Amino acid sequence: MTDRIVLAYSGGLDTSVAIPYLAQKVGAEVVAVSLDLGQGGEDMESVRQRALDCGAVESIVIDAKDEFADDYCLPTIKANALYMKEYPLVSAISRPLIVKHLVEAAKAHGGTHVAHGCTGKGNDQVRFEVGFLNTHPDLEIVAPARDYAWTRDKAIAFAEEIDLPIEQTASSPFSIDQNVWGRAIETGYLEDLWNAPTKDIYAYTEEPDLGNAPDEITISFQGGAPVAIDGKPVTTLQAIQELNERAGAQGIGRLDMVEDRLVGIKSREIYEAPGAMTLIRAHEALEAVTVERELARYKRLVDARWSEEVYDGLWFGPLKRSLDAFIESTQEHVTGDIRMVLHAGKATVTGRRSDHSLYDFNLATYDSGDSFDQTLAKGFVKLHGLSSQIANKRDREA
Amino acid sequence: MTDRIVLAYSGGLDTSVAIPYLAQKVGAEVVAVSLDLGQGGEDMESVRQRALDCGAVESIVIDAKDEFADDYCLPTIKANALYMKEYPLVSAISRPLIVKHLVEAAKAHGGTHVAHGCTGKGNDQVRFEVGFLNTHPDLEIVAPARDYAWTRDKAIAFAEEIDLPIEQTASSPFSIDQNVWGRAIETGYLEDLWNAPTKDIYAYTEEPDLGNAPDEITISFQGGAPVAIDGKPVTTLQAIQELNERAGAQGIGRLDMVEDRLVGIKSREIYEAPGAMTLIRAHEALEAVTVERELARYKRLVDARWSEEVYDGLWFGPLKRSLDAFIESTQEHVTGDIRMVLHAGKATVTGRRSDHSLYDFNLATYDSGDSFDQTLAKGFVKLHGLSSQIANKRDREA
Amino acid sequence: MTDRIVLAYSGGLDTSVAIPYLAQKVGAEVVAVSLDLGQGGEDMESVRQRALDCGAVESIVIDAKDEFADDYCLPTIKANALYMKEYPLVSAISRPLIVKHLVEAAKAHGGTHVAHGCTGKGNDQVRFEVGFLNTHPDLEIVAPARDYAWTRDKAIAFAEEIDLPIEQTASSPFSIDQNVWGRAIETGYLEDLWNAPTKDIYAYTEEPDLGNAPDEITISFQGGAPVAIDGKPVTTLQAIQELNERAGAQGIGRLDMVEDRLVGIKSREIYEAPGAMTLIRAHEALEAVTVERELARYKRLVDARWSEEVYDGLWFGPLKRSLDAFIESTQEHVTGDIRMVLHAGKATVTGRRSDHSLYDFNLATYDSGDSFDQTLAKGFVKLHGLSSQIANKRDREA
Amino acid sequence: MTDRIVLAYSGGLDTSVAIPYLAQKVGAEVVAVSLDLGQGGEDMESVRQRALDCGAVESIVIDAKDEFADDYCLPTIKANALYMKEYPLVSAISRPLIVKHLVEAAKAHGGTHVAHGCTGKGNDQVRFEVGFLNTHPDLEIVAPARDYAWTRDKAIAFAEEIDLPIEQTASSPFSIDQNVWGRAIETGYLEDLWNAPTKDIYAYTEEPDLGNAPDEITISFQGGAPVAIDGKPVTTLQAIQELNERAGAQGIGRLDMVEDRLVGIKSREIYEAPGAMTLIRAHEALEAVTVERELARYKRLVDARWSEEVYDGLWFGPLKRSLDAFIESTQEHVTGDIRMVLHAGKATVTGRRSDHSLYDFNLATYDSGDSFDQTLAKGFVKLHGLSSQIANKRDREA
């Protein structure tokens, strides 16, 4: 029986030309798999057809937008997951979902190999390959960009060589990855850390300082998940999409950072994630009202570790699953409304209300109605500080 | 010998009238101690004189601005210290410095008691009192607001009763604490979490959306400390002051949060800290370039814990000192320049450069000059994922 | 309606005499509640009757041994919970169960107050009272030892004064708390840290150096719970009881430590916990075989924090519940057999086997059959060390 | 100029024959470097001569025992470093010291390559090679066992082929690594986890159950370092050596564990480390008396992470250095005496005394002299439990 390579297919030049190239190089048929993760652009049917035109024996298109939002973006919201306190894991959470569908396609279509387009110095190769090893280790992995130094130049030359009926688009200076959760941009001049990003690299966000009218919005959460915007019920996907629109229009969610890659180097990355950043900000603000102090303090450690595990390609690892169990157990009461003003690049929380609030007006107020018994403080202060008091006494005497 | 109360004296009505009140109530002389922490307002000599006018036997004024900046704000910058990821510890770091000077005054002037104006439901009483217990536990602590329910109304009545020559200022609806590092505001209507702050509560920051011209700034750090702004050498104090001006003019550093108090309740807090937030943001950006990944990941945990210890009033505790040792050891190479644009409420990092950078262009670039050996990735990926691969295999089989 | 005090009743002199004392002092009826937690000693029916003889209006005895084992000891095993790496939380886990039953009794019998016998400088008062505040904050708490300085001497005097028909037992020099999970001993001469414990203080363990024959034992676990000993099915309670016998006979599980109390002081504590220590040791050894590395590393942090939360009286707190969720999620595959030799004070693991093992002979062996691909190591080593390599290069150059 | 390989030379058959083999294979001269780390066995002069006999152009022997004890074992004591709570890092801490001396030899003797004898599936290759990359990345690394599948059989065949004047010792079934800090044993039959170790594998420890007289010992520490035994001053090296003798004679320090290797697999390991385990146990007991609670709790996390970093071959990494700074800052007051009884496989702490003790008899005692103010407890309990009380109230109502 012929070997079959299941290829993560984007529809772009590189992976299109890779179809005949891999078939020849590996001596195998190619099954193209394309996921709609809300990345926009071309319609998916054209993508599907192009793979066939390029010689794929099967071309599968999957609308995974809701699955991505519910099973990948939502846990990221619940974990307030910002790698290095900034990056909402735009590409990192899409890889395991692509892995899942490639593996399913391999099982359904007799796949023996799996192929992705990542290079050998980025994070995504790790996320893809650890994903395959974790979920279907029998698949042989082919990474043409890394293993065969497959480049745009080579792709163009090969397309001409075999007369492939594919239009050659003008080469973009940007390396882009995008989905409904956000957009990642790398490009040559940003490899100088002193250079500021230029305006032309952005697509999900407008310039923030245009003088738009402020946009007041109320996001409602139930059990940690966004369920309504301005009182209108939404799915997680709809919440992200609407906030991409509205927060994007205000220039919210642009990131410019130097990132610690898993492979050991630092790299400059630009992201746009208006919906993601707004939802995480709102979710954090609601947790501040509904999650108890000690749990909240510990959850911040767990959240950070969750982000690192996912960034590091260990989505399918056992630690990730147990961190999920922790996080899920904290979300039961993360229910309520957050009012924000979206404006000029900032999403500012201006109000919060919740039937599950832990804020107690009578304990907090300094006005009449105060029910806090201040006489308790004296004993608390003394015992709270006793162990350090004893230590300082020893230090002075020693 | 007569007992002497060393009083943390602000110059305001409450602590002014507290001078004769405490003298009578405790049967002791009062030594007033006032610190200039850059809080602005009245000149300190008037403050000093007022304490004497109200009956203090000694009135001491200390210019502690540089000490505060160097020994309290700077460690906060090095720790990127934001309690609950937001609050730069404005009041929390001022308390231990006040404690230090009150204790020195007690030693110099025969103090037997020490007094502060905090209530029994806030954090500051804990910070003051644990500070005293840790550094001079023999002092008896008096907290009139908590222990004698000393209020503004009582103060006014008592001032009239004893004919105290003090002007009665119009009562402000706000409860304010401020110093050069920032300003904290509490007020009645904000005790409803759904209410947004009104513009009149701010003093350190302009409204962010005024259409000011963007202000580009370059902050230079050496060993984690800000040492120059736009190439002009500055002390830490000058750096904070200049950024309070320039970032404040752009509306940067406003915070509106629900905070987990040490005494177990949640409270609504508004802060303005334009210099603090800008400096911490710049410092973090420089760390991203100069601190190695594993160290940076761990430091984020240590930073968070440092913030909690300081928030919780344990500045003088042994853990805080050891966390300092960790943090200090990470700062040696945090040297370089951060360029930011201050505008419309946001401080955006647009460039970074450092002779101590860990960013290696040749390893990072996707262009020619790439020196990263991509063949290493395969072995890395397989062993990086091996333990989870084995676990997933077991899970599938079990 | 008359107030009713629900009293945690041990049957001993102090709490017996406290029945009429509290009734008089508080002006309330007393409901005595006694739990059988496997502490041994007197039969529970005599205890029940004595409370009535002393004037209790109700006397309730509850056999909570299995509940204690299943819901309190078992989570302690799953968390490998040793506070300060030593103490298996003997008293700490019994308090929340007592709280639970006292609250139930209060609800069933009209209780308005709840009373316990703890002093004001130990941990147990905190565990009791935080437990009541967390589960039934309307109950008024009475702690006669702390609030009324109720001592043995006072109890004897009061018993004589009111002619209480209770035998006065010889006063023991030891302060003991015991249940099936272990036994805690405090006594005067051990308050000198240089003094070694004498043999007469032990009751659950024989002297370890008696020259007994070694006792080989196989403990089987399923999902983290002990389910069989030497092939014979057991409940958790039976496992603890059998190991108390067999490990106790070998002198296993004696602890002598200086402990950091929640109230801020250090104290000297002696414990015996033969079953607990043996089960935790076996459980840890099985986890080493069945839990993946990264999960195991993180679980050790979670375990430590779980121990601290429970020690600190926060059994009912939200963080404890979320830590439980994490831990529970790690136990699914902690299934298999641990063989140990119990002898001369030590429980030594000598073998482990599991269908859920992550140990892969073919990957581990250095003999023929080795399936580990050593060529992968080179790439792994280089990228594993790359970030520190870059940092060291920078350091040398700087 | 001729290339020169600096070889980590043990004197055994494999590395002896590797000298001419590597010279031929790489086309380079071999410089043999042997470290005396207290591993015992052959005298070092014979080792030195053998390398020359086998064709080394230089043969260097270094007495690194004190350096090893002071700069590698002592930090391990201060960190109470037990990987997976068990393994005192016997081999892990020796590798960086060997790296250091090989690099120095390379600089002194024109080394261009460096060679070690480790396989491609263990931890030690990582520790060696990351060490070289971190400290002298220009050296080319040769690992004959991994890169050329260099085995004992090959070594014997090659020795015969070239008529190498080397005695062929009887092949041991054990794979051993040993130094003054301990001894690591791997062997075929132990690769079955159900098999118990046999007595013949031990060399540093006697069988524990021989009925020896108990050995009472007092270890004195200053600033975390052992400085005297039974009142007689010792260096760190002497402390380890004396305890290897005395604790080894009592069968103390045997470990049998399943270990999580850095390369992703689990392996069975047997260790003997009588001195190490006794010193760490004593050091922990002294820390319990002299380190404040919050610092002690956090230090346990730092200690665990230190162990993992060192186990993972990151001795020279920046995180390790900052963890050292934390740990070092905790040791100032770890000064005092620990009395232990060494007997029958156990080192039992029976007494501790210290001028730097934080144990306060008057606060701890239940007898007369008690200075603890029990009235403080009430306020402490209520505020300590307040945040969870509010959360539980919310949970009941929700």
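A few remarks follow.
Read from first to last, the chains carry the letters A, B, C and D; within each, the first residue is number 1.
One rule holds in what follows: contacts are C-beta pairs under 8 Å (C-beta built on N, C-alpha and C of every residue); 3 or more make two chains touch, one makes a residue touch a chain.
This structure is a prediction, so every number in the text was calculated from the model and none was measured.
The set of chains touching subunit C and also touching subunit D is given as A, B. Looking at A-D and A-B, the interface holding more C-beta pairs in contact is that of A-B.
With centres set at the average Cα position, the gap from subunit A to subunit C is 42 Å. Centroids of subunit A and subunit D (each the mean of its C-alpha atoms) stand 41 Å apart. One inter-chain figure worth recording: subunit A and subunit B are separated by 32 Å, centre to centre, where each centre is the mean of the chain's CA atoms. The set of subunit B residues that touch two or more partner chains comprises 260, 263-265, 292-295, 314, 317-318, 357-358, 360, 363, 375-378, 380, 382-391. Contacts from subunit D toward subunit B in the complex involve residues 260, 263-265, 291-292, 294-295, 298-299, 305, 309, 314, 317-319, 321-326, 328-330, 383-387, 389-390.
Listing the residues of subunit D that touch subunit C in their complex gives 84-85, 119-121, 125-126, 129-130, 133-135, 137, 146-147, 175, 186, 188, 191-197, 208-209, 211, 214, 256-260, 262-268, 284-285, 288-289, 293, 296-297, 300-301, 304, 308, 312-314, 316-318, 339, 343-346, 348-353, 357-361, 363-367, 370, 372, 374-378, 380-382, 384-386, 388-389, 391-393, 395.
Residues 292-295, 333, 355-358, 360, 363, 373, 375-380, 382-384, 387-388, 390-391, 394-395, 398 of subunit B touch subunit C in their complex.
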